[in-house]
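Notes follow once the structure below has been shown.
Chains here go by letter, A, B, C and D, matching the order in which they are written, and residues are numbered from 1 within each.
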Amino acid sequence: MIEQVAFYILSAVAVLGALLAVSRRNLVHGVFALLLFFAALSGLFVMLLADYVAAVQVLVYIGAVGILLLFTIMLTEHVTGDDLRRLGVRGWFWGLLLAVAVPAVLILPAVLNEKSAKAAPIVVAQGNPALANNATQANTVKALGKVLMEKYVVPLEVLALLLTAALIGAVAVAHAPEKDASGKDTPA
Amino acid sequence: MSNLTLEHYLILSAVLLGIGLLGVFTRRNVIVVLFSIEILFNAANLNFIAFWRFGDQPEALMGPIFALFAIAVAAAEVAVGLALVIAVYRHFKTVDLEKLDTLKEE
Amino acid sequence: MSTEKLALIPLLPLLAAVLTCGMRCGRRAAAVAIGAMSLSLAIALVMLANAWAHGGVQTVSLADWLVVGAAKIQFSLLLDPLSACMAAMVTFVGLLIFIYSSGYMKDDPRCARFFCYLSLFAAGMLGLVLANNLLLLFMSWEIVGVASYLLIGFWFHKPAAAAAGKKAFIVTRIGDMGFLIGILLAFTQAGTLELFDNGNGLLEKIPTGVVWGIGAAKLISLFLFCGAIGKSGQLPLHVWLPDAMEGPTPVSALIHAATMVAAGVFLVARTFPLFVEGQTLPLVAWVGGLTAFVAALIALGQYDIKRILAYSTVSQLGLMMVGLGTAATGAVGMFHLFTHAFFKALLFLGAGSIIHGCHEEQDIRRMGGIARAMPITTAAYLCGALALVAFPFTSGYFSKDAVLISAYGADRNLFYLCALTSLITALYVTRQCVYVFIGTHRGAQAPHESPPVLTAPLVILAAFALGLGGLAGNSLLAKLGAKHSEHPFAVIATSWAVALGGMLLGWVIYARRDLGRTTDPLALSALANKFYFDELYAATVGRLWTALTWLVVMLQELLAGVCELGVQLTQATGQFFARSVDVRLIDELTMDGLARRFHKGGEVATGFQTGLLSGYLRWIALGALAVGVFVHWLWK
Amino acid sequence: MIDTLIHILALTAPVAMIFASLFAFTTWLERKILARIQNRIGPNYINIPFTKFRKTFGLLQPAADGFKMLVKEDIVPHGADRFLHLLAPILALVPAMMVLCLLPFDLPFANESMKRIHAAALDNAVLLFFGITSINTLAVFMAGWASRNKYSLLGGMRAVAQMVSYEIPLVLSAAVVIMAVGSLSAQKIVAAQSTHWFIFTPWGLAAFFIFFIASLAETNRSPFDLPEAESEIIAGYFTEYSGFKFALFFLGEYLSIFAINGLAVTLFFGGGNGPWVQAHPWLSCVWFLAKIFGLIFIIIWLRGTVPRLRVDQLMAFAWKFLMPLSILNLFVAAVALKVQQPWLTWPLCALVLYAAAHGLSRLQQKNVGPRTYQYAE
């Protein structure tokens, strides 16, 4: 009972956060709505007993990405939100339609007829209640660390490489060219 | 007790997907598009973890690993994306998508 | 002396010609030419003695010239009394004329070239005389023709001389055509061109085939006679000889008195067996007779001293042809040729010295009283004149008498024609002598006697003109194979009457007339204008020729037109295809048309490239949607 | 399901109450110590209304401040973003409180089931700790931006920059201990330190040194209190805050100090271990709090003595000194843990770390010339 209530609350918060993030005219409000959405999601992860991922979600998204977005908004002029007259880009109506259609196509078969659900390619474990039985199970951080270090050590290294590359790349791209003596931008 | 099934989570992530696409397709501001892309990423992560939890070998820890990697990549993507946005802003003095149409075929 | 030296006779003058052609100094060239000529004269005399002793035919083969399959054409020479005499005569007269012309041409700037041509002429003549091969004979024949053209047109800056040279060359060429056809026929029939080839030569084994329905020998002899007519200036082709007087006097003397014109007669004499076999001798005789009569008449009407002599030469050649045509062998004609060579050379050289004396004056109406001014030349000239008239006991008398006898024997009408010709000959000779020697000098400047270098050859020739007939007459005839025939009294009487009568008649007509100012009684306009032969030819051959050229031009125009038509046609078709098929069909379908359609398609495609990022994303989403629907439908 | 909720509540409520009261005491403590450092007495004269009892050694000063805060007018600048202006102090306070619960208090009255839940829920306590503290940066920025004031925005940007750059050395130094213990759970870390505290290992000492400095920067204290440098930008990001919101900010700040020092204690000073703890288990809380207050004394001491750092020095110190040192420390610790002989590892690690520290500092001074004074002679 508690889980269901928690689930519905969290999902409501998540949807609300997402909607606000997308629709707000004031960008900063958008960012904070987005952070709310991240927090809700982190809650959902905890509900799904993936608390390490929840922690990382909080640390990475709320801690870093949020700040990054705020900095970007600071550096571009529209801090106080879009002063543009209209919100949407040309042909936004088609966008709306598609935005509804794509998830519909994903959900529809599951909703429309049970049969297709059974035939759904996803093999759903029989009766695997979420919380109770395997709470104390292998999802400790140690197990995760062991698997990462043994089975997925190469992807981990690649990921490390990717992150450094992204770090350096971002700095290089966003690097403001130094003003030379005459105040003109020296080529970056 | 709790009869939360996989479908609940799938529907939720589908809805989030929809909202993300909405942001991507309709908003004029590049940064809002980046927000929506983040939303898409998270919807995907939610799916990973949901399938992992309701999957048949939870101990293989596939879900969290995938989620972690996804998060890492998303973080890198945001960093580079925003750097690009700043560079674009410095060059074009605007972040409005309709004005950034130099790709257009003359 | 063996016969190998025979080749030296023609080669020495040829060598002299080659040497002198580079020289510029006249005197040195003359010396070389005269030296070469005297050497070849010496050899010729030796050969004459050898031939006289041997009597028969000796052949010498120097080298192979053309080897065509089985047939072999060689540089081969032959030696028999006929060719030996001719060689001796040509070299002796040639030497005298060389000496004469070294004086005559002394102050001419191109004197070296003159001697080069003379040597070339002598080489050609000697080659012709000694040749044993018809083709070699024909080659020398042509060299002589070229030399005569060069010599006649020596003063090429004078248009008349150049035209005369060209005329001589072309007319003799017409004759040579016949000669060549004859040679080819002989070659096809007999298989060889060697005259004497120890047994199977052309003259030894007369070809007996039938060509175009006429006997081979007859046909070949006729064609060879054509060559003789052209070269010796017989009736139809005689027009070039009087005009050839444009050349310097020694040239006229050498070519138109002694040697070249004699070549035709020599050819007939050389190939006599063919004529006998082909029974063409009467034709030869009558052509000769007619030529003699007509030429004599024209000579009466001429006022140029050299032209009178030219026509007299033509007339005498006619008589030679009569001698050949009527006698059994060629001896009589040849004997007259020898004697004529000497006194005609004398007359020409005399005329040259007279002209030289009267400061290049050639018209007899402006001469007169030369006898007192130039006694030596006059004396020598009168000896020649007497020989020409056949005054009794001169060399001319003996040879012309022989001709009349053979004519009397063969054809009585011909005899009467020859007698009349002799009468006319005597007439125009006396007319000329009266005009030139008697009375007062009608010219602008008084004549003066020529230097000894000119008069010496005259005196030598005068001696020969008078003595040759009597002394060497009989032995020469015997050597040439003449049958000893009796001398009918009638013939001798008529010859005496004709000679003396003609002189008397001439003296009567011309002696007391005031020459120069009054018109000449016998110089009728027809005679003066040479029976309008030139005009005749011009009218007929000339017009024919222009008609032919016009025809050729028209033909060419036609061909050009046809080509043009073809070009136009192909262009038209090309144009048609280019415009219709190429442009409308191919371009439209494959090249430009296709390109245009692609372009439009491209433009439609660019419509999608709006540059709006969201637009692109939407299209991607649509694609994903479609795939999703398809997958679901697939798994339904 | 309900009893688990009750258990959770039972665990978290007393911790919150304890630290809230301690907040008041520490404000007084701080003002007293600063005064003593600056050779003055500090607050000592508070007269309780309606009584004449005055000399209270200033102990009531925090209550007085609190009351003042409640009474003062709460001004919101015109054009400021009202919602965010209100949200910022809350966002500063809530994470601090949540983090406190993660600390390994073994409360005396806790029974077995409560202990089990506590342990299970906080399997990766340290990671969660860092996750939640990073929200703090967000609150600071929100405050700075929402008060629509140039100085507050500048203060906010400086604070964010500082906190983001010092987060890395903080996490890396903690990582050393986690590597040593092999678990993220606070209880396990404390258990591992039962015999000897990590502070007494060379890498532990270096790690504590880095952790302590980074924690100062994280909570904007003493040498790193650039964001609210009065001389330059008035009060930094909370210039526009007055009244109760300002009080909330202060409470949030002090709680995060307690939390970070609590973590320092658990990581390096063996949490609740101390003499006589086996005999009287309730002594672990006392020891835990005592150690925390030791660290807090040092912090206040530093605040009184050390001058403020310039921004570029601040950033250079973080990126060019602390971070390399902490990464090196990670390697050294790995080697030391492998090689168990302390007589060998001690001198070696100490030598390496000291050399690195010396080298890096020398690197800094390369372009720092003698100071030049333009006006003062």
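Keep in mind that, in the parts below, a contact is a pair of C-beta atoms (placed from the backbone, for glycine too) under 8 Å apart; a residue touches a chain by one contact, two chains touch by 3 or more.
Treat the numbers as computed from the prediction; the structure is a model and nothing was measured.
The most central chain, judged by C-alpha centres against the centre of all protein C-alpha atoms, is B. The chain with its Cα centre farthest from the Cα centre of chain C is D.
Separation between the centroids of chain A and chain C, computed from CA atoms only, is 124 Å. Rounded to whole angstrom units, the spacing between the C-alpha centres of chain B and chain D is 34. Our note on geometry: chain C versus chain D, Cα centroid distance of 143 Å, whole angstroms.
Chain B and chain C have Cα centroids lying 119 Å from one another. Listed for chain B are residues 21, 24-27, 97-98, each touching two or more other chains.
Among all residues of chain A, those that touch two or more other chains are 1-2, 52, 56, 64, 71, 89-90, 92, 94-95, 98-99, 102, 106. Residues of chain D in contact with two or more other chains: none.
Contact between chains, using the touch rule, shows up for A-B, A-C, A-D, B-C.
The residues of chain B lying in touch with chain A in their complex are 1-12, 14-29, 31-32, 34-36, 38-39, 42, 45-46, 49-56, 58-61, 63-65, 67-69, 71-80, 82-87, 89-90, 95-98.
Those residues of chain A that touch chain B in the complex are listed here as 1-4, 7, 11, 14-15, 18-19, 21-22, 27, 30-31, 34, 37-38, 41, 44-45, 48-50, 52-53, 56-57, 60-61, 64-65, 68-69, 71-73, 75-78, 82, 84, 86-90, 92, 94-96, 98-100, 102-103, 106-107, 110, 117, 122-125, 128-132, 134, 137-139, 143-144, 147-148, 152, 155, 159, 162-163, 165-167, 169-174, 176. Only residues 89-92, 94-95, 98-99, 101-102, 105-106, 108-109, 116, 119, 121 of chain A touch chain C when the two sit together in their complex.
Interface residues of chain C facing chain A in the complex, by the touch rule stated above, are 610, 612, 614-615, 618, 621-622, 624-625, 628-629, 632, 635-636. If you check the complex, the residues on chain C that touch chain B are 606, 609-614, 617-618, 621.
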